[in-house]
Amino acid sequence: MHSHATINYPEYIWPAGKSCAVVFSLDLDAESPFLWMSRGQEIKHLGEIEQRRFGPRQGLARVARLFEEYDIKGSFYVPGVVAETYPALLPFLVEGGHEVAHHGYFHERIEAIAPAQAEEYLVRAQELFHVQTGLKGLGHRAPSWEMTAEFLNVLQRHGVLYDSSLMGFDHPYEVEGLIELPVQWTVDDALYFRYTNSARDKTHPANPAAVLESWIEEFEGMRECGGLFMVTIHDWISGRAQRIRMLRKLIEHIRRCPDVWWARADELAAWHGNSINSKRFLVPAHSIDTHF
Amino acid sequence: MHSHATINYPEYIWPAGKSCAVVFSLDLDAESPFLWMSRGQEIKHLGEIEQRRFGPRQGLARVARLFEEYDIKGSFYVPGVVAETYPALLPFLVEGGHEVAHHGYFHERIEAIAPAQAEEYLVRAQELFHVQTGLKGLGHRAPSWEMTAEFLNVLQRHGVLYDSSLMGFDHPYEVEGLIELPVQWTVDDALYFRYTNSARDKTHPANPAAVLESWIEEFEGMRECGGLFMVTIHDWISGRAQRIRMLRKLIEHIRRCPDVWWARADELAAWHGNSINSKRFLVPAHSIDTHF
Amino acid sequence: MHSHATINYPEYIWPAGKSCAVVFSLDLDAESPFLWMSRGQEIKHLGEIEQRRFGPRQGLARVARLFEEYDIKGSFYVPGVVAETYPALLPFLVEGGHEVAHHGYFHERIEAIAPAQAEEYLVRAQELFHVQTGLKGLGHRAPSWEMTAEFLNVLQRHGVLYDSSLMGFDHPYEVEGLIELPVQWTVDDALYFRYTNSARDKTHPANPAAVLESWIEEFEGMRECGGLFMVTIHDWISGRAQRIRMLRKLIEHIRRCPDVWWARADELAAWHGNSINSKRFLVPAHSIDTHF
Amino acid sequence: MHSHATINYPEYIWPAGKSCAVVFSLDLDAESPFLWMSRGQEIKHLGEIEQRRFGPRQGLARVARLFEEYDIKGSFYVPGVVAETYPALLPFLVEGGHEVAHHGYFHERIEAIAPAQAEEYLVRAQELFHVQTGLKGLGHRAPSWEMTAEFLNVLQRHGVLYDSSLMGFDHPYEVEGLIELPVQWTVDDALYFRYTNSARDKTHPANPAAVLESWIEEFEGMRECGGLFMVTIHDWISGRAQRIRMLRKLIEHIRRCPDVWWARADELAAWHGNSINSKRFLVPAHSIDTHF
């Protein structure tokens, strides 16, 4: 069992004296998780797939209009198969000044497939993104926010700019040598609003007023702690009418706070790598001994 | 994998310059889903069946009185077996100016039974409705809001006016050639209030004040987005005392908004088919490749 | 399939022009459901059993003091094994002017055991209650609120005054020839607050302010509908500090409404049987055809 | 079946005329429960382990700063493997005036392993704590708050000061001869906020404003009932930004109440053993007959 120095990490330093950073990120899943979960089966029922296709049909455009209204540049994580199925998406997002980044090819869970397969999917997504946008060396967020030490190395080998899947700090850090821009379940819309009538749904959609109250508390806490407020939304979930209203209220709350650095995730990665913070928050991926 | 044009769908146009439409729909399930789930078994326990029979005994009449008070004409989706067991229901609803439409015969899930069986049940329901009301060519909503491409074709072959089971847009559209009047889980009372002490119950009944707040947000969002606010309630769930009060508050909120088109679902279908919207929102049922 | 007359049930009539009735009932389960679920197993872990024993040790006395403060006479449903284990309970409750009634012997689910066994347990409970209190011909509520047509007949054969386990109306009615005083999941504290760290726990304990708001809405709805507001609490759940406060607020709300008939369940049964309501709300236990 | 005297327990007496006691306790689990649940398996996925390591990296220090700001001395329950992995933790806590106490070695569930194994883990934890802090005869809280009668005896044999795992009263009592400082699920942060995307997660993280409202009600109830308000938080859960804010509001609420005794758990144990309360609240661990 290795040992950890703790308790004495320094404060994270943000540019221009800002007290915290805000990133609006969107995992543009559309129907891809449903297809992945159904792989190899004959699928006849339309319920969930139609519900998810609401995302690229209507939801994404609404989010994009909202962002444009407030001049927000977001970070959009797009599975390869979604970019392939909806070829207008990536060009539309890049045109709008948004960041596009990887999110698996089939929304595959990395730890559940063979490492060589995961690598192949990454390469395939990189090639597709290059064809559709001309861009290389983009960022990455793992589907279902699940990661392995091995795949962190694969990402580096293939020139990925950063990962954004883990939550070991609440500001940027470095894990296994790769910049990690942490996500957080508390500010993921899917936990609160996803309902597809499948076994995995755990409760009814939450009251957006209660979610807004919780998220504003998290934001205010990040201002106090000096952390990263990385919201994650989904095209087919937050594109729904009541959630656009909720996001608008959240944005307006944050807009009234001048001490916030609004940024895309790739801007955060650049800041982290070139700032005093670099090398201050290094952790190994693990070293877990479960044989006791 | 087929590809989709997206992002550039036009706004939906409502009659007389209205900004959105409102439909109050009721799935008159009574005990039918319990019977379907128990088919072929000997059922001795009375708990859930008595709880559900509250619907036709008291709940439905309360909802009908509430609608009458506000002069609302609703859309009632009735399984064949419920119309058969309670033969006064369909005539009562038609007399009140409400729409009656199909909802399976035994509340069967369409994708879970043989296609020929599903078709037979549809025909049987159509015959029963014709006998009890003299009506033909009614609308349809699938039990559990589950549908297949094949059954969309069956519906058209049997002269069904529209389907109302999917959620691929949040305004009317056309799927596989049939008009679709989308539902939405967020405004389905069952998710929030259904509790029968069975394994499928996921939490306690919600606070109706919180549900009201959420539904009003969805309604206000629909006014902004120009969509369809299709509420779905159930006889045995929303007929309960606290929920009648909640529905009254919702109705009074909407009543104060002059830009709303209150309609029955069949009126929406007629509008859609004859308006500029027709053929603007066409999608195939699917084309899902899960073999990768 | 038999058919039902519906829609045209008359209003329920309460005594002295009251608009609704209120009963505070308590299912005094203590550790009995845990023992029943663990029957035949060796139980070593103490967590849930100690949590439940809080009921007879502290919770019940708190509820009783609260009732005394407001001069409320409640209806207490007590499994035989609880009366046996805590022999001071029944005399204490009777002394306080409360109703005591049956709730199984081992908190057994009636539909899950042999009919002869269920009958034997009933007789055993009746004998024990008679020894401890001198009372006979008491009321009955089934554990887990589950009932069978057969057991409704057993109850009558053994002189039980009424049953209170079903929810087919929201005022008293008669099922299979026995008076039924309906319960309702919405006003059962266990759904909102029970948490034992077992698989059946579905969420964290609810915020009592939200539950209070929901329950007051149900009460106000019952005033409008003319129904029975039958609250059900549990010794080990509502005896907890925050819930005593919640109950006090509920009681104070109801106390301000002069149109309410506060009663014990046995008083309701007597009223029902001797009033104009008798024979107006008769239903068969079932007649379910699940072979289609 | 043994019988219990009940209903007539006296009031609990607190020192200096205080009306209730408040303990802030923290179960410093970090990654230990995940390792225990994964024992013997090869673990490749990083999600939950990184999420939990946020606790010792950032969460604990935030809680400690908050406590320091209000001069609160807390009670910290630390699994042996956490103290071993993060050797700076125990000295840091002792230095801050906090109580450190046992919480298993590998966060093992006591009732699920062999008694001799449980005893061996206790001894190993005691030795480690002695090496790291010089302290002996510390208190104990069982992982997952699960306990057996047998292990209560083991604890006494090894000089443990008290146990804090059960909830049979809501003030200190004595079970099987050992002082028990009761916990309560209602004021455990994990039930409300834990979310790791595993099957055991039952719903989304709660709105901290609603949790605060519930906890304040429980605190106010304890003032009325004269009980122990024992809050339990976790490093990786309540160290998150929004929860630090919630805890601050809770602390400020309690601070305004002069009738409260703020104490560490070990101070409560000392008070209980030497006060008039001693021997007034004695219960056997059980005596459960499940063979009927």
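Read from first to last, the chains carry the letters A, B, C and D; within each, the first residue is number 1.
In this text, a contact is a pair of C-beta atoms (placed from the backbone, for glycine too) under 8 Å apart; a residue touches a chain by one contact, two chains touch by 3 or more.
It should be emphasised that the depicted structure is a prediction, and the values quoted were computed from it without experimental measurement.
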{"item": "Angle of rotation relating chain C to chain D [CA atoms, steps of 5 degrees]", "value": "90"}
{"item": "Fraction-based call for chain D against chain A, same above half, different below", "value": "different"}
{"item": "From chain A, the most remote chain by mean C-alpha position", "value": "C"}
{"item": "Rounded Å distance, chain B centre to chain C centre (Cα mean)", "value": "35"}
{"item": "Distance between chain centroids, defined by C-alpha means - chain B, chain D (Å)", "value": "49"}
{"item": "Multi-partner residues of chain A (each touching 2 or more other chains)", "value": "202-203, 206, 210"}
{"item": "Residue ranges of chain D in contact with chain C within the complex", "value": "1-9, 111, 144-150, 165-170, 175, 184-186, 191-192, 202-203, 206, 210-211, 213-214, 217-218, 220-222, 224-225, 227, 283, 285-286, 288-292"}
{"item": "Contact footprint of chain B on chain A as seen in their complex", "value": "31, 35, 38-47, 49-51, 53-54, 56-58, 60-62, 81, 84-89, 92, 106, 193, 195-197, 201-210, 240-246"}
